[in-house]
Amino acid sequence: MNIYAKLAYTILGFLIVLNWGFLMGATMRKIGARMAGRHGIPFKQPWINLFKSISTRTVITHGIMYYIGPVFRLTGGIGLFLFMPMVFTGSPDGPWTNFSFEGDLILIMYFNVFGMLGMALGAGEGGHPYAAMGITRGLAQHAAVELPLTLAFLSIAIQFDTFSIYKIVEAQQGGIMHWVLFTNPFAAAAIILAMLGALGHSPFNLVKAPNEILIGPATEYEGTYLGFMMSAGATLHVMEAVLFMNLVFGGATSWLELIVKSFLIYFWSVFVGMVFPRFKIEQSVTWFFKVPLLLGVLAVIIFMF
Amino acid sequence: MVTPIFIVATALGAGFAIGVLNKFGKNFTGGLVLAAITFMTFISYQWFSAFQFGDQTPEYVYTAGFMPPLSINLLMGHYEAFVTLLINFAGLLGGIYMFNSLKNRGSNAQVVYLIMLMGLNVMVMTRDIFNLFVFMEVSSIAIAGLILLEKGTRSMGAGFKYILATSIISGFLLIGIIFAYYFTGTLNLDGMIDANLSGIKGGAVAVFMIMIAIILELKPFPANGWGLDLYEGSNAGFSAVVSAASATASFFVLSKVMDIAGPEWYYYISLIGAVTFVGSNLLGIKQENTRRMLGYSSIGQLGLLMLILGFRDILGDQTPYIVFGILISHYMAKAGLFWISGIVKSKGLKGWAVIRKKPFFLFLMGTFIFALIGFPPFPSFFAKWTLVMELVKTGNMAWVVAILFGSMMEAVYLFRWFGYAIKGENEHLEDFKIEIHKIVPVWMVAIGLYVMGYFTAQFTEVGAEINFIPLAFVGLLLALDFLPVFVKNTIAIAGMLAYSYFIYPDLEGDTLRLIFEGIFMLGGILALIAGYAYKGTRAGFYPVAILMYAGLTGIIEAKTTLEFFYGWELMTAGSYFLIIRGKRSMPHGLSYMLFSIGGAYALLAGLGIAHVGQDSFAMDIINNIQYIPYWAYGLLIAGFLTKTAAVGLHIWLPGAHGEAESDVSPMVSAILLKAGVFGVVLALIGMGAENNQYTELAYALGWLGAITAFVGNLMAIFQEDAKRLLAYSSIGQLGYIVFGLAMMTHLGWLAGFSYVINHFLYKAVLFLTIGAVVMRVGTHNMYEMGGLIKRMPLAFVAVMIGIIALSGVPPLSGFTGKWLFYNAVLEKGWYLQGALFSFSGILAFMYLWRLIHTVFLGQLKDNHRNVKEISIWFLIPIYTLIAGLMVYAAKPEWILQPLGNMIAQFFPDGQLIWDGGTAISKYGQWSGSLIGMTIGATFMTVLIWLMLSTRKAHKVKQFDITYSGERPERPETTHVAYNAFEGLYKAMWVATIPLVETFWDRVTNILHDTAGFTRRLYSGNGQAYMLHIVFFILITYLVIIGG
Amino acid sequence: MLRNILIALVILVMGYMFYNTYSNYETRTELAGISQHFAAQGAQEVGAANLVTAIVVTYRGFDTLGEVTILFLTASIIAFFLKLKDEDYDSSIDHRETSELLVTASQVLIPIIFLFGIYVFMNGHLTPGGGFQGGAIIATGVALMIMANPNVRLNYHVIHWVESVSGVSFVVIGILGMVLAGGFLDNKIFGQDGLGEFGTLFSAGAIPIIYSFVGLKVGAEISNILNKYQKSQKEA
Amino acid sequence: MEYIDLGHISLLIGFLLILVGFWGVLTQKNIIKIIVGFSILNTGINILIVSLGYVKGKTAPIIDNAVAQTGYHDVSASVVDPVPQALVLTAIVIGFGVTALMLAYAMKLYKAKKTLEINKFNDLKW
């Protein structure tokens, strides 16, 4: 496949992901509202928000980093998409594998932070205390989540003897019983639990703390910046779900499968969020250090003997 | 040649004549005494040079015209000539130093001083045991008299206790002598040796009494309270002479008399020596009184000499060399310190801060202390080295442990003292006066130490000039210390450049060494460039910085283990001085030094074991250790880990790096720590690299590395001080490196080495930048900064790049290390350690964000509204290093491929496959430059879009934010900085309990309590001291002779 | 009390140590080692009838030099640390009246004592006695003098001169021994034939000379010490 | 030991005096008494020295006509050992010197603190 075709597929893929992200976000809001007995937002609300933000005329800036923050964030989201094989087509060079040949799971793990870091830097320059608070909480929780997650990733890499996400997906083809969910249940369990933190819904949403402090770092941003951030947020939500899908739930052989699986994965966190109240940061950190960590350690230990 | 009897005749003639000549005045008599001592020195020197440089044979001096054993004879041999030279020279310098003190006490005191020296000379030369007794009495009576040169009851009490003690001792000696005569029918030493006194029935007790008396003269622990009082109570000049001349003579007497006792005594002599060395140095740590502390040290050194003497059969030909090295160092250094203590006149250790008012005194004091501890280039270094090598070789490990422990304790109190001198408060202290006749002897011995060091080195591999060129350069910088920074900095940089150029051909082709040499030399030059930012003369900085680099390059170039250790110790010395330059560095300098010395001793023991069964000292002996290799490698690695600050041995680092000067922190962090890594690399290569048989050791090392990474990074999160944060970060980073190396696989090493280079680059950037910021804002505390991006954007960019690289986020170079690490972990199967490592990496985000946020982002403080961008002299090296980081990020294969080739020498299996810029491992692939381009392109696209859509963005003011219905008026109220990660702390405080600090505190407390309790033995009561002596005799009797 | 018991124990162990030595002692029945030589050849080699003197002054003359030095040292130390000024020597103290008996007896005895002392050290090579003994006897005369009149003014200049000159002479004779005979302190400075007739005053070479100087020096030193003790009392 | 001869007796006395001297030195608090203890100790040692030179049934080593001689003034068969007697002379003088010095110290110490109790002079300790 030549580079132009690749680019074309990639851009198309990104548009799908972005829009699916918006739609999925709206759906979840809707579900949440209905469960609370409210009517909720219309499905088109995210697009409306986006266009409204982008077309705002007055834009402020606190300085260069403030300015660049959303760029980092969006680059992080897009980059994650670029390095992720989306739909399994039987060939590593297939149409929806994007630029995943440049790296592997490790790249995804570390690039995941790129957006967060840029965001943190950008919001920091605004000098708003909520931004800083949100970031400290986010980083702390992130660390706690990553530990079981890393163990589970390692376990999967050991299981298939590779870090290549494509190969991991490939190895899970051929029936539901080949999914990591069943072949490596400890790792899968660790990921399913840790995922709650990674997706950042209640009870692990103190980072954003929507009610008390608006929404964390984003407080400082409005207008075009907010548009960028919303796009990035939508992308990231989908990409995280896709990552877990690829690793645990057998990947996707078509866009439809991808949409369904990512929806279910995302819904899992929303579902839990509906049921449980919010944790304080030290509570969530210790929570991840209990069962998920234990599962992660077990997932690794079984390969040591 | 003047016959040695004239030493006696001159002293006595002058002494007796002064009774008549004293009407010419005290200056005349004083001059006469000095002239007599000069003549005595000349006689000894004449003989000594005839032995040393000619082929003089030992000569007996007979008296009374009869041959021994009928008459008394003296022997002038090589050793006798040397020892009398030492005695007379010390006497001469001491006479000059005490000229006024003696004069004030009148001609009688001058005479007593002269006769004391004469007595010591005869003690050394005589071959008749009764004659020995007589002249021992002569000298001890003279000493008892001269204690009173110092006025006051303290010296009087000391003198009286001294007489009481020596009377008991001489009583036993006399009983021993008379029985020895009774059993052998002779008083001549040689005759007694021939008669084999110990073998005669009943003779053993005679031998015992003689030996115990002579050992007691050397003030063995614990029967030595009187000796301590002597050192403390008498005139400083006189303490120096006692320590240098009298102790030396007593030691020589022991070496002479122990021939009578025969080999069965050697063990006991060593044992008493070891107990003395350990005991008195242990008690020394509790001392606050300088003079007494020096007394403890003197006694300890004599113990060490005794120990060596007891091993003379085992040490064989090396004995004189070892004894010479230890003796001459102690002789000169201790005399020098006592003399300085007489000039400075401060009783307590803390008062020594006053010494800084005359900076060259600090140089003198430093010289003496380093010589006492056994640092290069002083003779004691070579002697200690040889001693340990020989003892280990002959399987006497327990003795080595005792020696090293005692030396360690000595280092504790000497360096604590030195720390007070360098860093203590001195404004309220009264300056001291220098009299020319007092300072001359001090300079003489100081210079003497360096000369002797060079001389001693000539008998070893270090003797080559290459090892002294850097030292000469240090000396040059010391001499030029009065010049302004600009000149000295240029000289230093030019020197380093020239040296790098000069040394390069030696290392060409040896990639391993080139990497480290590159870090040391280029890093050093870059760090030095930052030095241009300083004003004034920056006294003392350049010699010590260059000393450190001299040591660093020394360990790279070392062909033998001795040269390696030599370089190691030079580096330690230089870095100690660099570290302690910081404002509040006193305690950290001390702990750095103590850990370094402890590490160096572990190294010494390890190298000693490595030498067992080998013919040479070539570096490659550590590749093939034959005797208890587990221990050897364990010790070596433990030694190196003190420098890499592995957890448990890390507590010195945060303070030392955190409090150091702005351009020193990168030197000691980015550069110095790599010396430890280099050592670990050598040890691991020695362990067989790919064919490593010591898997348990490597396994333990791996865990240690991972835990270090975790602890370092976790602790960094909770720091409020920017430099300490970076310091803890260094601990963590070094943990990664150790972990990588410990895996002992190709990928592990590649990961480790990529971290070595990376850490050098970004830690230098971060420390230089933060250091420069600290220079501008005048505080280390992050919560006092904030918003500095507005004032120093270039510094901000540097830090941002530094932290992105450090965090391992693609596309910068840190990711290289992470990717390699995961592959290595998977390959090696160290999953849990790998997870811990990974977790540490995630923790790093927190402190990195905190560093950049609380310093550069957030709210700008009112008092920083006018600070300037950091100095251009810092920016130059910073951006040079950043260029390096960028090249690394863009083209990792340029660095990783040569690294891979180098590592393949040791680990041929499991190499990366390179497909252009893509690295392919067994588990995955990664292409640095492509990733960089992809991310860069995305970034630019988004950026341009944003720029287009926000062309009219207007800049708002700092306080143009609202929250909770408030609008801030002061930056402090909204700068979220202090205790930023409170939530995490509440969750993870358990892991921050300072277990290690508590452990070392406990160790320290136990040592202090033991010392504090034991030293109560020295109740100050003369009678108790006599009882101690009697006890000592009886217990030794029961042990040696038995019931 | 505990302390005394402890010390008693110590003394006991020491006694045990000495007992071990004692039990190895056997009374000699004939001379052994170097003493054999001294008894057999001493008279011939040194020419002194008193073998002890021969040993003290010649064979082990170097020891004797050390002994003299010790006395000299002690005197010097006492001098500088009891620290007398010139006027102290002339000062007087109030004291109880000395008994008539002592004063009268001293006037009679002192010249005799001095004379006896001189006799003892001059005949040291022939009869029991010698320089030390003679010197000590002279010093007892001085002691008697001081006791009889605590304010007596000894001419310390004379004492110093005697002390100094005799000391230097001792050393010079020692060196002469090296130049003229076999070694430092050799008594044959007049040659082997110059030993004189055995058993007479002028025999045994340099021994009587040395012993005379020793006697003078010892007498002077001890007198000096006694004088210092006496004169420094007023400080008390 | 069939009977106690002169050598043994004096040796025993010497040792006993030494022990007495030590007892005095170690138990007495008064400096003057300690010095007296040392004198006793020294005396004991001196007696020891002399008694070790004793040869059974022999006379003093001074050659006169009362001493049996063989050859030219060869008295080796008839005198006791002269060497210890020479040594004891030296030992006595040294003892004298030391005692004199101690006494001088005692005077100084008394002047300084108006006491002769030895345990009062412990300014320097630990």
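Lettered A, B, C and D in written order, each chain numbered from 1.
Following the convention adopted for this analysis, a residue touches a chain if its C-beta (ideal position, glycine included) is under 8 Å from a C-beta of that chain, and two chains touch if they have at least 3 such contacts.
Because the structure is predicted, anything quoted here is derived from the model rather than measured.
K.L.:
Between C-D and A-B, which chain pair is linked by more C-beta pairs in contact?
P.N.:
If we tally the contacting C-beta pairs, A-B comes out ahead.
K.L.:
Taking the mean of the C-alpha atoms as each chain's centre, how many Å separate chain C from chain D?
P.N.:
Chain centroid spacing, chain C to chain D, equals 16 Å.
K.L.:
Any idea how many Å lie between the Cα centroids of chain B and chain D?
P.N.:
51
K.L.:
If you average the CA atoms of chain A and of chain C, how far apart do the two points sit, in angstrom?
P.N.:
The answer is 107 Å.
K.L.:
Can you list the residues of chain B that touch 2 or more other chains?
P.N.:
As it turns out, chain B has residues touching two or more other chains at 130, 134, 137, 141, 144-145, 148, 179, 181-182, 187, 1027, 1030.
K.L.:
Which residues of chain D are in contact with two or more other chains?
P.N.:
Residues 18, 22, 26, 52, 83, 90, 94, 97-98, 101, 108 of chain D each touch two or more of the other chains.
K.L.:
Dump the list of chain pairs that touch, please.
P.N.:
All touching pairs, sorted by chain label, are A-B, B-C, B-D, C-D.
K.L.:
Which part of chain C faces chain D closely enough to touch in the complex?
P.N.:
So the residues of chain C touching chain D come out as 3-4, 7-8, 10-11, 14-15, 18-19, 21-22, 25, 27-31, 34-36, 38-44, 49-52, 54-56, 59-60, 63-64, 66-67, 70-71, 73-74, 77-78, 81-82, 126-128, 130, 132, 198-199, 218, 225, 228-229, 232, 235-236.
K.L.:
Going by the contact rule at the top, pick out the chain A residues touching chain B in the complex.
P.N.:
Touching chain B from chain A are residues 54, 57-65, 67-68, 70-72, 74-75, 78-79, 82-83, 99, 101-107, 110-111, 113-114, 117, 120-121, 124-130, 132-133, 135-137, 139-140, 142-144, 146-147, 150-151, 154-155, 157-158, 161-164, 213, 219-220, 223-225, 228, 280-283, 285-286, 289, 296-297, 300-301, 303-304.
K.L.:
In their complex, what parts of chain D are in touch with chain C?
P.N.:
Where chain D meets chain C, its residues are 5-8, 11-12, 15, 18-19, 22-23, 26-27, 52-57, 60-64, 71-77, 79, 81-83, 85-86, 89-90, 92-94, 96-98, 100-101, 103-104, 107-108, 110-111.
K.L.:
For chain B, which residues are in contact with chain D within the complex?
P.N.:
Touch list, chain B to chain D: 130, 134, 137, 141, 144-145, 148, 153-154, 156-161, 163-164, 167-168, 170-171, 174-175, 178-179, 181-182, 187, 225, 228-229, 232-233, 286, 292, 1015-1016, 1018-1023, 1026-1027, 1030.
K.L.:
With touch defined as at the start, can you tell me which chain B residues reach chain C in the complex?
P.N.:
3, 5, 8-9, 12-13, 15-20, 61-66, 69-72, 105-106, 108-109, 111-112, 115, 118-119, 122, 128, 130-131, 134-135, 137-138, 141-142, 144-145, 148, 179, 181-182, 184-187, 201-202, 205-206, 1027, 1030-1031, 1034, 1037-1038, 1041
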